[in-house]
Each structure stands twice: as structure tokens, then as C-alpha cells.
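The structures come next, written out as C-alpha cells.
Two complexes are shown next, each including chain A; its partner changes from chain B in the first to chain C in the second.
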Partner chain A sequence: MSRFRPSFFIPLIAFLGLAIIGGMALQSTLSGNRNPSQLPSVLIGKAAPDVALPLLQDRQAELALGNFQGQPLLVNFFASWCAPCRAEAPALEQLSEQITIIGIAYKDRRSDTTEFLQQYGNPFTAIGMDIDGRAGIVWGVYGVPETYLIDTAGRIQWRHAGPLTRDVITTQLLPQMAEMQ
Partner chain B sequence: MTRQMRQILVIIGFVIGFAISFVIGAGLLTPATIGTAHALTAEEMLADPALESRARNLSKQLRCLVCQNQSIDDSDADLAKDLRREVRTQLVAGQTDAAILSDLRAKYGDYVLLAPPLARDTMALWLAPVGFILLGIAITLGMRRRAAQIDSADNSISSADRARIDALKRQHENLNKRDTR
Partner chain C sequence: MGLTEFGHFALISAFVLSLIQSAVPLYGAARQDMQLMLIGPAAALSAAIASLIAFGALVTAFIRSDFSVALVANHSHSAKPLIYKISGTWGNHEGSLLLWILILMIYGAVLALSGRGMPTRLKARILAVQGMISSGFLAFSLFTSNPFARLADAPMDGKGLNPILQDPGLAIHPPMLYLGYVGLSIAFAFAVAGLISGDVDRLWAKWMRPWIMAAWCALTLGIALGSWWAYYELGWGGWWFWDPVENASLMPWLAATALLHSAIVVEKRGQLKSWTVLLAILAFSLSLVGTFIVRSGLLTSVHSFASDPARGVFILGILLVAVGVPLIFYAWRGPRLMTIADFNLKSREGALIANNMLLVVATAIVLLGTFYPLGLEMITGARITVGPPYFDATFNPVMGVLTVIMVFGPVMAWRRGATPRIKTTILAAAVAAAISGIVGIALVNDMAIGALAAVMLIGWLAAGIGADIWAQLRPSPQFSLGARWQRLPRDVLGMWIAHFGIVVFLLGATGDGLFRSEQVVRAKPGDVIEIAGREVTLLRVFERQGPNFQALTAELEYRDAASGRFIARLMPEKRVYTAERQTTTEAAIRPRPGGDDYAVLGDGDDRIGYSLRLYYKPLISWIWGGTALMALGGLVAMTGRRRQSAPNNSEVKTTADVKAMARGRA
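Here is the complex of A and B:
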């Protein structure tokens, strides 16, 4: 039985192949390049949806993104019931010095939103109320907080699901904003 | 105990081992499945049974984006509920099933469909199982052909050699019998 049989090595080669693919996936996950729970937005490069929403301060008036056209915008979906939204509040406050930020309160009550803004600061130029979450669906939101960067032509340039951490801001958002100018 | 019997015992051992691990795995999963089996509430349902059955059918094809491996029909998540309502709103507005699916796909991407669409970059995903089945058939046929070749080679042995082989086989069996006693 000393005859060399190449078929003997097929399982070994198959295993090594799978091990290399798995190892590469693990490597990119650990290094932070790939986050399996982070879904890509299909709206990148497309016009930001303009869903008419009542304003927080004035039920009769509507939030229209068209009013802000010609300047870059940050649209931030948040909610008073969302813990990561509290965590990113200071970051938004800081960003508001560089860019106009529109807030959309996702499935929240007016009184709770107002209280949240009093407690954690209000970085928003305007706040729309998405009480039933319809606007969230149109924007492809699958969890708050979610932030969209909109260019001067009203197109979505970048989207981030989850809180804006220092890392996300310095490695993704600020370079994207610089590119637009 | 002959070598053949030992091999059979090993195979039976493997089968029992797999069966036990499946039963344990299923046992761990059932509570979660039971908990979410009736996500749909009565007030969500449409009065028109035809529309409602279309809504259920569509819900089963759509992924809940926060739980990721459940359909929105199965999931208790808030977003799943909102998407179920969105599907029903569009059905009542007279949209076709295909239009509703493509509308949600435009907002959330291919990922919202539990069955990925057949496209160029998902070709490998769809064709791999067929490929594996063909490979399995090819290997099986190859093995059978080889076995047949060995059988036919056996017939070409001269009658003198055949007698010697039979004598050796008998001798071997006698030795085996002594071993097992």
C-alpha cells in the first residue's frame, strides 16, 4: 500500500482551503474592516428621500430637506429611548459647529424628545417627528441612531448605523466631509 | 471481531453521535422559536382575507433587519412590526406583490429578501449546491466503475490461481475463528 494516491489528499486540501477563507474573514472582522451586523445602504449616491414630517416645535409646520439644499447636511435619526443616542450626543454637539445637523426623532413622543434634548443638548438646526417610523422605512433605517451625510446636491454620500464614535468620525465622516468641499 | 464489523461499529457510533448533537441543538433552539411563532397580532390583520393572505405570504419573504435570520412574519421586533404594517398599507393602496418587494428592496437592499435574487454576484451561491450534487454523482460513478473494473479483473485469474486463493481464504477464516474464541 505504499502506492501514492493523490485522492487521499483531497479532504486535506479542501480543509485547508476552508481554513484559509475562514481565517481571512475572522482577520478582517477583528481588524474592524468588516462588521457583519453593519448593512450597506442602497441609498448611497441617490437623492435623500424628502418625507414631510411635522416639526418638534410646531405641529403645523413641516420639515422639508429641500429648504436646506445647497449646503451639506447631516441627518441623524435618534430617539429618547435609545441609549447609544445619549452616548453620541456630545459628538453631535461638536459636529454641529462644522455642519448643519437635522434631527429626526424616530418613534418618540414630543414630550420625551424635548426632555431628552434638554438633558443631553440640542445640536439640531431642525427636528422632525417620525412618530410611526414611516420615514425611517423610507430612509432604510433599521435601528437608531443612524446618521446620513448629504451633499450640496441633496444626495446621500455616506451612512452610518450605530452611534458616531470618535473612531467613526475621524476615519470616515470627516474625510467624507472634506471630500465634498 | 473482524475488521469489517469494527468499521460498521465506528460508522454507527458516528451516526448516534450526530443524532444526539442534533437533538441537543434542537432542544436549545425550540424555546426561542416558540416565543416568536405568533408575532402577528390580531389588530394588524386586514379584513379582506385575500389581501391578508398576500400580506402573510410577502411577510414570509422579507427579512427582519434587526434579527437578521427571521422573517418579519416571525419576528416580534418593532421594525418587523413596522414593515408588516408598511406591506399592508401598500397592499390596501392596490400595489402588486412584486412592486412591494421591489420598493422595499430599493430602500433596504437585496438583504431584505430572505431568498437572494439570482444575479451575477449571487450566481455562485445558487449554483454551488447543484455543483456539489454533480460532483457527488461523478465521484460515486467513478468509484462504481473502478469497483467493476476490479471485479472483471478478478475473472481473468486462471483456475489454478483461483484454487490457491480459495485455499488461502479458508486458512485465513480458520485463523480468525481461533482468534475470536
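Here is the complex of A and C:
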């Protein structure tokens, strides 16, 4: 009594097709191959932008990344008003034994930055003041803290938005640094 | 036992009650056992009360800032104004899921209480399907997203709520949207019950239509609120971004709009049954996708404030069952609902079928634009978005054709042929389209073809509706205006209002699209910027302390460029929410029917100047005015339906007879 009609299977088949795609996407998201919120930096593999910034200690002098060419660098955007920056301060302190770290104080006041460094330690070889955030725009900074790894040729090799947790350092940063050497 | 644990217990009770609701009435309906069938409404009511208690307990925890509850600690803050403490309840995954469940339960309870004249078996089956949906989501809440989880160490203060969500629009937008999404579950339950019993008839459609209408109205308002929120809160000056989450709400709306029209054909003509069942399944499936795709972490979006891929597995499981099983049913039982095709293309139902085809194509376009990037990424690994150019080129033309048909439908007669008013109506619409096209070309230089089409469509539809109103209400020798008004069915009035809402909406969208002006400048205090016949002076920029944020505020003075007359003072802001260290842009808007002045403050300081974005957006508020009219039209049509008296026996017998005949024939 029930008539079989192939056309009535079309919705089911279409749905199963969509479900398979969704399942695959979910699978790769779960396995960590894909993070929808992680937008790749367009600067990876390109020369680090050299925006002239006044130094924290000396208004007249400018921070030039070119001066550090020939050695790997870590460029860390931070701010005194940012709580995760405090959290990652000890990690930076440790890293400063292995690599030169340049700090860029993002949208911060000199007095606040100085106080922040006194309180949480200063792992930085040099600190530039990005008071109006223009360097942040050129670098494509997503938010502070944000860290860039620069190779001996001055090219950006790796970028991480957010605090450097132990996990990020051991699974991503250190292998990247080892690869460069 | 704390209130929170009591809420948790209530949620578990709701789960158990829902399980009862999904099994017992179904069995009762199969056995024709009235006693068992009546357990359905009782279970639905008690489950609704239990989930109301659960939701109340959670809201109380938020109001009291009880940071020993993990959800409150993660999403609230003691410095937050009370209203945002309350709205913070559904500003996160667990809480919004609970709200979703609560609304589902309330729909179930209203269904249980209403529809006295409704055939008992139909009602029992609908409640059972409704119970299955709620069981699924209660399980999801209890097993993966427990809102009542406690923290061992309660923090001193909470982590706050995403400041972008701290907004009065956001306090009501999700509940309204959920009211729409969840309302479609009733239409879905009707469809599944119809597939189980095979009784899809005119009576079935008559009972279902008000539910579709209610859900559609809420969905319309919910989407409009969301778009309005994006307009004033995101500070980009736009009102629709083709963002995956916006698309996710548009798709069920398009499907529900199609369903709304096809259900009329089932009720009036007894045709398009299996199609209507499919649409009802589709509409609710899409609203499930709409609510939960955001949570699964599958798509990137500005809205993904609550994404977690681990929960995605559960969601995908629910989706598979909730959509897959009815579609298997449809493939198996659907052919029984087929009727002998009996319609002429030149008829009311012909126009409605065209409407359905176009709306389904539009849904498919949005679906493709939303998921194609995901599919492509799976295959090639490249991450792309299709964005507005794709939708402008595909979605807009389809909706344009739909607008053309909107004039034809109402002036066609059922079955075959036209009504006497067709000639004058079409003529009036065509003349108006031509005139507005000519006026448009005269006013705007180099008008794009799409814009010209939009302008002509506005004239076409406005005149078409006007002519139809005139033809139906015009005083004649036999009937005065009042008498004809009295005789006018309420759903016709509702249709006019809703269709006219589209005219108003198109006016707003076209006005903004064609005539908006925009100025992006870097200005220092004292600078004057000219925009759309206004002189805007940046008076000063100052810092200000809000309840839980610090703001940089600009003071702008608007004067008429010609006369120097003072127009307004606008104060756009940039806010830094200290607890969340997030920055938001608060656009200053002066909304007027003629157009909005819209100002956004960017970065800068007194030395180098501040970046300012100024817009003038003509007629833009008509977009939301038009959507509100659409929803109002739906409400008028819904409330105007004659109260259903108990179905007289002859009608029921007819239904059964028809079914028996159909079986006999097959």
C-alpha cells in the first residue's frame, strides 16, 4: 500500500551529505588541526616591519630592529594594563636566558610601563613605546599580549596571540626556535 | 540544599518528565487509550514548571552574584548593572541553552492547555514529538553543559561578560530569536505527527497555521533586533553583514516564510501536503542549525562567544537524530501524502507555489554561501569567505522576482483563473514601477541596474497592494466602506500589512544603499567636517569613568551647513572594560525618519588628531520599521483567525473517510 518513490529520498540524501561535511569539519577541529578562531598572520615568512618607536628609557633614541639583525629575536607586545601580560612575565623572564626579547609597550604610558617592569621584572633587551598603537596596526596585532619569533634574516617565523603558556612554549615556540638553529 | 542544587534537581525532573511525555502519549495514541494520551498534557505542563524553576534558580544566582556557581563566576561581575546581570544568564552557552529549553517547554505547555477542539490523537502525537526534542536538549544540558556546576574555591569576583554583549538590545534579542526558532518545533511536531499517522489534511493545516505564524512573527522581530543591534553596537554602520550567524537565522526565516504560504494551500485546497511536511521539517532543522552551529565551533563569526568543539559532537548527534529520523520517515511515509496534482499555474496556489520555489532557492543560496567555505576548506584546506558580493549577485535577484509575484498572488483566484481586480491591480503596479524607475534615473546619476530594479520594485509592490486594497474596500452601491471593512477577513488585512512592510523595508535598504554618505577623517578639536549638508565640529575629546569601563568620549556638534542652525550634539565613545580588558566602540546615532546621523570615534590623541568616521544614512530606520510591520501583519492575521469550535463530527468523519479512500485506492 505504501508507494516507494525515489524523489522522497532526496532530502534525506542531501542532509546526510551535509552531515558528513559537518562531521569532517568537527573531526578536524577536535583533533586540533583546525582552529576557527586562529587567523593566520599574513606576515609569516615576511620581513618584520620596522616601525620607528621611541625607546622607553630615552625619548630621543629610536628602537630599530635592524640593529639586532643576525640573531633570532622574540618581539613581545605587552601593556601594563593587561592582566595576562603579568601572567606571562615569569615565562618571558625564563626565555630571556635563551633568546633576545624586544618589548613593545602597546598603548601604554611611560610611567605605567616603568612601574609594571619594576613589579613584574624586565626580560627585555630593549623596549619601544607604541603609544598610539600604530606599530600594532602595522604588525597586525590582534591584542596584547602577542609574541612574534623573528629569524636571523629578520623574517617573522611564528606568531602567537595571547599569553605564552607553558604548553605554547614547549609545543610550539621551543620547537620553532630549535628548527631555526 | 542551596537554591542552585534545587534548580539542578528541577532540571533533572524536567528531563524525566520529558521522557515520559515522549513515550506514553505516543503509545496511547497507537492503542487509542485516552487515559495514556492524557498523560501527555500533564507531563508537558509539569516539565514546563520544573524548567521554569530551574531557570529561575539560575537567574537568582546571577542576580545575587553567587560566584560559587562556575557559570556566574565566568560570566558575571559584581560591578555590572543589574539588567546585565540578568541578561548575563543567557549571554553564555549553558544559560542560553537553558533559556532555549525553557521556551521549548512553555510552547509545549501552551499547546497542552490550548487546542481543546484538537483531535486527541493528533495532540498526543505532537506532544510526544515535542517531548522527544526537549529530552534531547535536556540531556545535552545535563550531561555536557550543566549550568549549575559549583566551584570548589569561589573567586572574589567574576570574570565579567563580554562587553559587546552588555547592551539592552542583547538583553531581548536572544529570547525573541529563540521564541521564533523554538516555535518552529511545533510545526515540526505537527509534521512528524502527520507522517506517523498519515493524517495530513485541511484540518491539520488549520491547527498548525497559527503556530507557524507565531513563530514567524517572533523570528522576524528577533532577526530585526539582531540587525539593529549590529547597526548601533558594532559601529560599522551596516545593518546586515552576511555573517554565518546572521545567515543561520535567515535560513529558518526563509523556510518558515515558505511554510507559512504553503500551509495556506493545504488548508484551502488540500494540496501540497508532503511538500508542507517537508518544509516544516526543514524550517525547524535550520533553526536547530541556527541555534547550535554557533556553539559547535564550526564556523568563524563575530558572534562565536560560546563555542566549544567538544560539545559539537553532542549537537551533531542531536541534529542527526532530529533531522535524519524525520527525513527517513518522510522517505518512507511521505509518498502516502501525495495527492493528485490538481492545479493550474494561473491561480492563487500557482502563485504560492512560485513563492515557495523562490524562497527555497533563496534558502539554498544562503545555505551554500554559509557552508560552501567550510566544504571547500575540508577539501582544499583554503580558508575563504564568500561575503556580500556573492549574496548580492544571487540572493537579491531571487528575492526581486519574489517581490514581483507578490502582486500577482493576492489577485488570483483559487483553483483557476483570475479575480476581476487583476487587470487594474497589475496595470497600477506596472505604471507605478515605470514612474518610480524614471524618477530614480532622474535623481541618481549612473544608477546601478540592481538599484534601479529595487526602486521599480518598490513602486510596483506599493501600487499593487494599494490597488488591491482599493478594489476590496471601495464603496459600492451595495456595500459602504464600513460594511466592506466588516466583511474583510483578518488574514487579508494581515497580509496587506506584512506585504506593505516589505515596501517600507525596501525603501530603507535602498535609501541607505543609494544615498548614504561617509567621511573618514583624522580631526583635532576645533576641526570642522562637512557631510550631507551638515557641518560637524569636533568640540573636544575627554575621558570619562563608567560603572565598569573607562571611556574616551568625543563631543561633536552638528549644524546645518547652509543656515548654521544647530542640529544636535553627538558623543561617540571608545570604551575599555577594565575587568575583561576589552575595547568597544559606542557609535553615537541620531535616528530620524529621514535618515540617521552616525558617528564613530577611533584612535588618536590631541596632538595627531583622532580618527573619526561619520555617516549619514538616509531612511535606514525604515528597514526595522518595515520588519516590525511584517511581524505586525503576522500578528493581525493570527489573532483574527476565527476561534476554533470543537470539530463537528462530520468533519472528522470526512477526514477518516478520505484517508480510507486514499488507502483503498493505493
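The definition used in the following text is that the second predicted complex is superposed on the first by the 168 of 181 C-alpha atoms of A that agree within 3 Å, B and C clash if a C-alpha of one lies under 4 Å from a C-alpha of the other, contacts with A are read in each partner's own complex, and residues count from 1 in each chain.
The rule we apply is simple: a contact is a pair of C-beta atoms (placed from the backbone, for glycine too) under 8 Å apart; a residue touches a chain by one contact, two chains touch by 3 or more.
Since the structure is predicted, the reported quantities are computational estimates derived from the model, not experimental observations.
In the superposition on chain A, contact is made by A:Trp81 with chain C only, not with chain B.
After overlaying the two complexes on the shared chain, residue contacts for A:Gly133 are found with chain B and with chain C alike. By the touch criterion defined above, A:Pro90 reaches neither chain B nor chain C. Using the contact criterion defined above for the overlaid structures, shared-chain residue A:Phe15 touches chain C, although it does not reach chain B. With both structures placed on the common chain, the touch criterion links A:Met24 to chain C but leaves chain B unconnected.
Between chain B and chain C, it is C that contacts the larger number of residues in chain A. After overlaying the two complexes on the shared chain, residue contacts for A:Leu43 are found with chain B alone; chain C is out of touch.
Comparing the two interfaces of chain A, the one with chain B and the one with chain C have residues 37, 39, 132-133 in common. Those residues of chain B whose C-beta lies close enough to touch chain A in the complex are 65-66, 68, 78-79, 82-83, 86, 105-109, 111. Put simply, chain A touches chain C in their complex at residues 1-5, 8-9, 11-12, 15-16, 18-19, 21-26, 28-30, 34, 36-37, 39, 81-83, 131-133. Note for the complex: chain A touches chain B at residues 37, 39-43, 107, 132-134, 136-140, 142-143.
Those residues of chain C that touch chain A in the complex are listed here as 274, 278, 281-282, 285, 296-300, 304, 307, 309-310, 312-313, 316, 319-320, 323-324, 327-328, 330-336, 338, 371, 374-375, 377-378, 576, 578, 581, 603-605, 608, 663, 666.
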